[in-house]
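Lettered A, B, C, D, E and F in written order, each chain numbered from 1.
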Amino acid sequence: MKNFNRIVTRELSVVFRSQSEFVYPLAFFIMVTSMFPLAVTPEPAQLAFIAPGVIWVAALLSLLLSLNAFYQSDFQDGSLEQMLLAGVSGSLIILAKAFANWIVTGLPLVLIAPIIGVLLNLELQANMIAMLALLIGTPSLCLIGAIGINLTVGLRNGGVLLTLLVLPLFIPILIFGASAVEAASIGKNYSGQLAILAAILILSLMLAPFAAAAAMKISID
Amino acid sequence: MELISSEFNSDNLIEITNLTVIRSDFPVFSPVNFSLGAGQAMQIRGTNGAGKTTLLRAICGLCHSLEGEISWNDEVITPAHQNFYQSLLYIGHALGLKPKLTIEQNLSFFQQLRFELDSQLIQEAMQAFGIAELYDEYVAKLSAGQKRRVSLCRIITEPVPLWILDEPLVALDVDGQQWMLDICNQHLERGGILLITSHQPINGIHNLRELTLS
Amino acid sequence: MGYFDSFNDFIHMGGHGFYVWLCYAIVFIGMVSQFVLAKLSAKKNIKLLSQYYRRAAARKKSQANNDS
Amino acid sequence: MWNWFFQLASPKWFYTIARKVTPWLSVLMYSLMLAGLVLGLIFSPADYQQGNTVRIMYIHIPAAYMSMMIYVIMAVAGAIGLVWRMKMAHIVSVSCASIGAMFTALALLTGAIWGKPTWGTYWVWDARLTSELILLFLYLGFMALHSAYDDKKAADKASAVLALVGVVNIPIIHFSVEWWNTLHQGATLSKLEKPSMDTSMLWPLLIMIVAFKLYFVVTLFHKIRGEILLREKQASWVKKLVADSKQ
Amino acid sequence: MKNFNRIVTRELSVVFRSQSEFVYPLAFFIMVTSMFPLAVTPEPAQLAFIAPGVIWVAALLSLLLSLNAFYQSDFQDGSLEQMLLAGVSGSLIILAKAFANWIVTGLPLVLIAPIIGVLLNLELQANMIAMLALLIGTPSLCLIGAIGINLTVGLRNGGVLLTLLVLPLFIPILIFGASAVEAASIGKNYSGQLAILAAILILSLMLAPFAAAAAMKISID
Amino acid sequence: MELISSEFNSDNLIEITNLTVIRSDFPVFSPVNFSLGAGQAMQIRGTNGAGKTTLLRAICGLCHSLEGEISWNDEVITPAHQNFYQSLLYIGHALGLKPKLTIEQNLSFFQQLRFELDSQLIQEAMQAFGIAELYDEYVAKLSAGQKRRVSLCRIITEPVPLWILDEPLVALDVDGQQWMLDICNQHLERGGILLITSHQPINGIHNLRELTLS
């Protein structure tokens, strides 16, 4: 637990060293969501209709994009192997890094989502649910993403291969997340979807660190 | 200057039996046997590509597909053996430093993973390697030799018995090399164990054994 | 014969011939090509290996020459 | 008791056994395949609703079953390889991938073509169809990952981890028709209940299912043999085999 | 010109060394486009309505993702500076790399787009125009992307900063590309949009190599 | 072994006047003046962080914010001067090799940027550095010293008069270092110019001048 804190602190201080860095994933999120009114339609009713899906797709892509920055340099400069050699268990390292990743990338998304919702004409109730769904869903994305990035980090063009491996695993979260918001926006019951998101989170908290740690050791060789 | 204050257990012993590593179906070097006890040092020699780095990484458990046995204090090491990792420091070609953190932040992070934070010791280590004034400089801005010095500071800030150093003298200037070798000597006197490779001559380490890979 | 009155009927499949025969054709092509590839792989690998052994032997020889 | 298990783990043993068994299995496969085709295409009746398009069922369902079964086999073999560090298991796992990907693609294509006359569209984004598409991506990811590594051993382990993680998709595919109300048919074959299908349609279907399984085994054995040769190239028996085959 | 060919050949042989690599950007494109039916709606009419926008957004993101793999390693291992020191002009290097990038990433997108169009229920005419628009638009994306990546390649988390810099520049292409397809799908005239896309291409062919080369020299320091 | 067949123009001359580089508002080293003509060699010396790498990169035009003047054959060099780049080879800490290409592919790519492809010469170069059998090996799989050797092959495959080598001896084994220095000597005899840094002693280069940075 002590080491968990230390790794998280270190990650955060690396990120916050150039203070503007934590706004990038956010900016990406805002940019992608605002591309849709331009590319599809600026009409309010239509926008509100596609909004849940767009918010979730954008969140998913922006988390995906942040993974590389969080893991790759640690592999290349040898600091991951040094942590392992200091006796820190692989799954703890993953857990700590995924947590830091979520703090830097996932949490800001959750906080900014309501504003995007307003811009896309989503109504209040649906907007709050979107935020809640993102709050439960994004940590799973960070954890599952950790598996993918650890499998591909040693490879050239790993970035795109990463996508190929990880997006299929993200899709259930996407479906339930988006459908929770959709249900809320037409006044239906959405608790089922949220419960499934929570179940996915628990499952990935239990399993993903081990899978990712195994992948990490393979990549280090 | 007296730097390392802890005495190590005089029973420490690393034993390597018939160790080799398979790469693309061929063993990289012919099987290796040796054992090192407290206060002993060994230099691994060999031409470029002989397998020195591979051997050291295999001992650290960073290589798959190895054959043979490594044991530490009579316990065979399976890939993740806590006791062994508690007593081991490996510094290789990749230094493991974060360019975006300062020298001090880098050193204290690694120290805290295994020991309590000891700013005093970190200070002394930086002094010993002549980078004390740079303590709050970001590693990104250092020269090759300065980065190497930072990574070597860890042999002082993390007092463990077994040092595995892969070409530690690379990029160091003449003074730096001398300091480095002095510190190794002190380590050996205190019952430490040293496994080292270098293409530069290593002068003045007492009782340095040699092993040539083929 | 069977369910159909004539061969033409059989091909026509009550207007759905296109879909049915397209499906069967795709499955046939897919499975046969996979099967042939698999069957050839052992043979191909034997050829590959005989080249590999020759090269390995040559390399060993040149190394031995270098040493002496 | 564990003897057979360790024997299985020996590539040489597997190679010789596979070589002996495959001809017999092939004969069985060809005859079942032929029987199934004749029964399905010629002797079975058309459906009162779907007409003759129902004949697509005899290949769609077996292909869809295989796509899922092979993924499970691939993942289990990968897990065995990871835990017991067994060479043979990785070989099986890797050899499964391309066959499984092909069956997944076939299930998708035949399903899509079947959809046009029955549902009026090639593709809808319902749960079962989508999850089957994801399965295809998982297979492709597995193969891409395996080929992206230079080192075979690392490639084996990495792709085994991926296969294990992806296994969560299999129950989703299977239960999707129950969890979401969709266009796709519910279960027609179930071990516990009496099948709702007429025997004249059930028999060709069952025969085709078995024939597809045999096809898988035979193809897998061929692939495994090729793979074994490549990986055991340092073993003396392979050297001998290669030398013998040249004359 | 000789050196142009050499750099292109080298890039391509690096990429094709593991033969499957050129399918990754494609896979990403397919994956993102197929996320929308899941996240937004599976209904055919609705799908056809959002299809042009979705195809363009996905194309844009998949080109964006490929940039890193194409440029970063060349910076880090010092081979870019070696090319410059061999007297090859910076803009030629950029031109060659952007061309290779398009061959590997852009061209496959153009070829697969019609299939995606069918899945998203786009009709034939619109589908062909989508393909044509992508053919004219994607090279500009590669060129503009080169400027962004060369500005950001030395920085940690550069990936996301890159996005921030480049997406605004991509947006005109996005708007005209998507609206060409939209116009075609409702039977309106679309030649104006295509002409603008062509103009953007010519402009970026003339200017982007110089801007990117300047950025490259700044990053190398 | 006679490796380098071309004679260089005996008028070649590089002149450095009052050169310094500003980093974070301070000059890294005090201004430097020297000139090297055909057949002359100079070693830049200095402790770690003295600014050797910075100086060499500045000469190659890879540094901004430099003050002073560099001229080649009496022409002042502005950042992108074709004549100068045609006659210059710089090998620094980063080797510029693509791990996914083979040794041969890497070398021939660089050769073709400035010269015609000459497979014979590449073959000879690999032989000279003892990596001839590895020609179709991917660079990713090589050891540190083998990679260094590959990058050094370029001094043979690209016959240019001015060599700027930043710690070329790092990671080379004893044989490799000897070969390297022999080749440097041949280069000087043919009228080449050599600018080198190293923390290891450089033995046997004739008329090696020294410049110590401070």
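We adopt the following convention: a contact is a pair of C-beta atoms (placed from the backbone, for glycine too) under 8 Å apart; a residue touches a chain by one contact, two chains touch by 3 or more.
Bear in mind the structure is a predicted one, so any value in this text is a computation, not a measurement.
Student: Counting one step per pair of touching chains, how few steps separate chain A from chain F?
Tutor: The least step count works out to 2.
Student: Both chain D and chain E are touched by which chains?
Tutor: A, F
Student: Which one of the chains is farthest from chain A, going by Cα centres?
Tutor: The chain lying farthest from chain A is F.
Student: Identify the chain pair joined by the greatest number of C-beta pairs in contact.
Tutor: Chain pair with the maximum contact count: A-E.
Student: Calculate how many whole Å lie between the centre of chain A and the centre of chain B, each centre taken as the average of the chain's C-alpha atoms.
Tutor: So the centroids are 37 Å from each other.
Student: If you average the Cα atoms of chain C and of chain D to get two centres, how far apart are those centres in Å?
Tutor: The answer is 16 Å.
Student: Provide the C-alpha centroid distance between chain A and chain C, rounded to the nearest whole angstrom.
Tutor: Here the centre of chain C sits 42 Å away from the centre of chain A.
Student: Provide the list of chain D residues touching at least two other chains, using ranges where the numbers run on.
Tutor: In chain D, residues 130, 137, 140, 144, 148, 151, 154, 157, 233 touch at least two other chains, as defined above.
Student: Could you list the positions in chain C whose residues touch two or more of the other chains?
Tutor: none
Student: Identify all positions of chain A at which a residue touches two or more other chains, and write them in rising order.
Tutor: Expected reply: 14, 18, 73, 156-158, 161, 164, 167-168, 171, 218, 221.
Student: For chain A, which residues are in contact with chain D within the complex?
Tutor: Contact set of chain A toward chain D: 144, 147, 151-152, 154-155, 157-158, 161, 164-165, 167-169, 171-172, 207, 211, 214-215, 218-219, 221.
Student: Looking at the complex, which residues from chain B come into contact with chain D?
Tutor: 23-26, 64-65
Student: Which of the residues in chain F come into contact with chain B in the complex?
Tutor: Touching chain B from chain F are residues 23, 46-49, 51, 53-54, 93, 130, 141-146, 148-149, 167, 170-177, 199-200.
Student: Under the stated contact criterion, what part of chain F meets chain E in this complex?
Tutor: Chain F reaches chain E through residues 60, 62-64, 79-80, 82, 85-86, 88-90, 92-101, 105, 109-110, 112-114, 158.
Student: Inside the complex, what are the residues of chain F that reach chain D?
Tutor: 138, 140-141
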